[in-house]
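Shared chain: subunit A. Partners: subunit B in the first complex, subunit C in the second.
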Partner chain A sequence: MNRLLAGPSPAAGAESAASHIGRLGRLPDAGPHFIDTLTQSRIVGRGGAGFAAGTKWRAVATHSRDNAVIVVNGAEGEPQSQKDRLLMSTRPHLILDGAFIAARVLRARGVMLYIGERHTAARDGMMRALAERSEPERALVATQTAPARYVAGAESAAIHLINEGVATPTTMPPFPFERGVDGMPTLVHNVETLAQIALLARHGAPSGTSLITVAGAVAKKGVLEVDSETTVGDVIKLAGGTEGWSRAVLIGGYFGAWADTAAAWDLPLDATGLRNRGLSLGCGVIGVLASNRCPVCEVAGIMHYLANESSAQCGPCFFGLRALADACGRISEKGTSREDIARLNRWAEQVRARGACRHPDGTIMFLQSALVTFAPEFADHRPHVTKLAA
Partner chain B sequence: MNRNFVLAVDRIKCDGRGICAELLPEVIRLDDWGYPIIAEDPIPDHLLSLAQRAVEDCPVLALAIRRADKAKTNGN
Partner chain C sequence: MSNSLLWYTTRGAGAITLVLLTAVVVLGVLSSLRAQSDSWPRFLTAGLHRNLALMTLVFLALHISTAVVDPFTDLGWVAAVIPFSSYYRTFWLGLGVIAFELLVALVVTSLLRNVIGLKAWRAVHWMTYASWPVAVIHGFGTGTDSWSAWLIAITIICGAAVGASALYRLIAGPTDPLAAPRTDFRAAVQKRDL
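Here is the complex of A and B:
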């Protein structure tokens, strides 16, 4: 079956090479024409921009003189996301297949596995799978640990860490396809994108599915593989339903957007469809706000986290996100003031699109969607009284 | 030849000294923390020499003049 998580139960752990090959056959050979197949497949990356994989491969192929580098991005710095970890720890051969096809087609001299430092089971799964691969394949691969920071998964941050040991984004240009790892043309793909590419090489068509993580106030949190017709309501039902009434859902993780649960219920989780509505599937986290959580305080907490996760390189991001988080914090602790609401709106406009990476943009998308979705709560927030005795 | 130019700032290099906004207030204003916000429109012809001056006078060399049509590509 043409699905990422087809095959043995994910609970069984990393799939062996024998099971993987028995199920899917050997990895077919692929030449330069595979880039056409990839372009036609409309597979897009899982960064918020939804960038076409085929376009990225074409750019690297144009620059590669048998010296390209493939970076397998398994940093997964999004706090509530589980999908990349699950894929690495259960379907490592699918990811390696994708990386090795890329290495062949783009005439790469190396493959770098870039895995989050806390993702132990994922790293174990990938290393065990690598040990089962052929000697020429193994000789291509090196590994690098990604620090547990939100920005560590950004393409230029991964390359910066591999080159200089610092996981902070860099100014583009030069773009990775021009000068990346060791100054070589570099392709960075999320592990799920590589797994999709491995299925495409075998079946001639993409699976048409995405991995999403259902988080927050649902009965069964976890990872689901959904097709493009599956709605927000469907995945909440698949996750056992909400615990009580739900005011809102956060679609696409911390760089995503809030929406009223009722309004979003019939919304399909289709990357293109969401983008046309100004939303983003992004990392694929669907976060359900618990009925007993105050939206304003929840937003203030996440803004505080995202301000702290700025890599402190660009002034508008470092100072701007801090100021925005502080304003949210004041409203949360002391109650609504008209001045702070005006500041939030003004600063959000000032900060957007003014960083070397997308950290400020993602954070502003999150905040502006919160200001719209939770407009009544932000307009009239009062400090919560803490009970001294139970 | 009709070529459109814009000012581009390297956000990592920029220290928010604000000299560019003093030289070229028609194109550059400062945000609440002193960092430049640059107009997206092409630089008017009569300001091009001042824009060049702003590029040269930036103490951290964070400003550049770029062709407006150079498409930006990005993604992950």
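Here is the complex of A and C:
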């Protein structure tokens, strides 16, 4: 079946090479024409930005003089996301297949596995799978640990870490496809994207599915593989339903957007469809807000986290996100003030697009969607009564 | 054009170049100090620094070209390009050529900053601190007007302006408000081996 998680149960751990090949056959040969197949498949990146994979490959192919580098991005720094580590620890050969197809088509001289430091099961799965591969394939591969920070998963941060040991994003241009690892044209793909590409090479058609992490107030939190017709409501039902009433869902993780649960219920989780509505599938996290959680305080907490994750390279991001998070914190702790609401709206516009990377932009998208979705709550927030210790 | 007019132009343009260059250096130091007030935003410092630097080049071109074509000194274009190749006041003029070439390097690397990268640009920009004193010594050493009160006054004022701002810059130390948080962040994400 043309699905990422087809085959043995994910609970059985990393699939062996024998099972993988028995199920899917050997990795088919792929030449330059595969880039056309990839472009027609409309596969987009699954790391969050949703960039067209075919376009990325074409850019690297144009610059590669048999010296391209493939970076397998398994940093997964998004706190609620689970899907990348699940894929690495259960279907490592699918990911490696994708990386080696890229290496062949783009005539790469190396493959770098970039795996989050906390994802030990994922790393073990990947390393065991690598040991089962052929000697020429193994010789291509090097590994690097991604620090458990939000920005470490950014393309340019991965390259910066590999080159100079600093996992902070850099300004672009130069783009990775121009000058990446060791100054070579570099293709950075999220692990799920590579697994999707491996299925495309096998079946000639894209799987049409995506991995979704359901988080928050559902009975069964975890990863689901869904097709593009599956709606937000379907996903919540598949995850065992909400615990009580849910006010809103966060679609796409912390760089995604809040939506009213009832309004979003029939919304299909399709990357293009969501984009046309000003939403984003992002990294595939669907966060369900619990009925007993205050939206304003939840937003304030996440804003505080995202402000702390700024790599302190650009003033507007470091100072701007801090100021925005503080304003959210004041509303959360002391109640709504008209000045702070005005500041949030004004500063959000002033911070957007003013960083070397998209950290401020993603945070602003999150905040602005919160200000719209939770407009009534933000307009009239009062401090919660805290119990005094007896 | 009469010879004396060329000569006056050379000297006048030289003096104006010195004043402009000094203003550019002081503005550069001010921008590295992130100096600002309610009526003087930082982009004003940066904009003036850049535009005055380009204007300096215009007066410098006038200064050099009038000196070269002046039949009295009979320098020739080679002397304007190769340091210490002039028969006329070899040493003092050579300093001028060096200051001029450093300045051209500064402007060219600034225009190409996006191409050569911030690190290379910054390294070259440090040469300002060599270019400016060399230019001052050249002006004083070569100058026909060295002992005239107005040039002495200009030189002293310029020297004091650059000296004071450079000294203040030294005392002020690092001024990047992001330096400490950035260091903290990088320390927290130090490279680890698998």
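Just so it is clear, the second predicted complex is superposed on the first by the 385 of 390 C-alpha atoms of A that agree within 3 Å, B and C clash if a C-alpha of one lies under 4 Å from a C-alpha of the other, contacts with A are read in each partner's own complex, and residues count from 1 in each chain.
Keep in mind that, in the parts below, a contact is a pair of C-beta atoms (placed from the backbone, for glycine too) under 8 Å apart; a residue touches a chain by one contact, two chains touch by 3 or more.
Everything numeric here is computed off the predicted structure, so don't read it as measured data.
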Report clash or fit for the pair subunit B and subunit C bound to subunit A in the combined superposed model.
clash
Just to be sure I read the superposition right, which of the two partners does A:Gln144 touch: subunit B = first, subunit C = second, or both, or neither?
second
Which superposed partner A:Phe51 touches (first subunit B, second subunit C, both, neither):
first
In the overlaid three-chain picture, which partner chain does A:Gln313 touch, first (subunit B) or second (subunit C), both, or neither?
both
For A:Tyr305, decide between first (touching subunit B), second (touching subunit C), both and neither.
neither
More subunit A residues in contact [subunit B versus subunit C]:
B
Report for A:Gln350: first if it touches subunit B alone, second if subunit C alone, otherwise both or neither.
first
Please indicate which partner A:Glu155 is in contact with in the superposed arrangement: first for subunit B, second for subunit C, both, or neither.
first
Would you check which partner chain A:Arg123 touches, where first means subunit B only, second means subunit C only, and both and neither mean what they say?
second
With the two structures laid over each other on chain A, which partner does A:Trp265 touch: subunit B (first), subunit C (second), both, or neither?
neither
Thinking only about the overlay and not a real complex, which stretch of subunit C clashes with subunit B: 4-12, 40-48, 94-102 or 130-138?
40-48
Residues of subunit A at both interfaces, subunit B in one complex, subunit C in the other
313-315, 319
Name, in rising order, each residue of subunit B that touches subunit A in their complex.
10-16, 31-35, 37, 73-76
So in the complex, the part of subunit C that touches subunit A is made up of which residues?
177-178, 181-182, 184-186, 188-194
Please name which positions on subunit A make contact with subunit C in the complex.
115, 117, 123, 143-145, 147, 149, 152, 161, 165-168, 310-315, 318-319
Subunit B partner, complex, touching residues on subunit A are 45-47, 49-52, 55-56, 59, 73, 153-155, 170-172, 175, 188, 190, 313-317, 319-320, 323, 346-347, 350-351, 354-356, 358
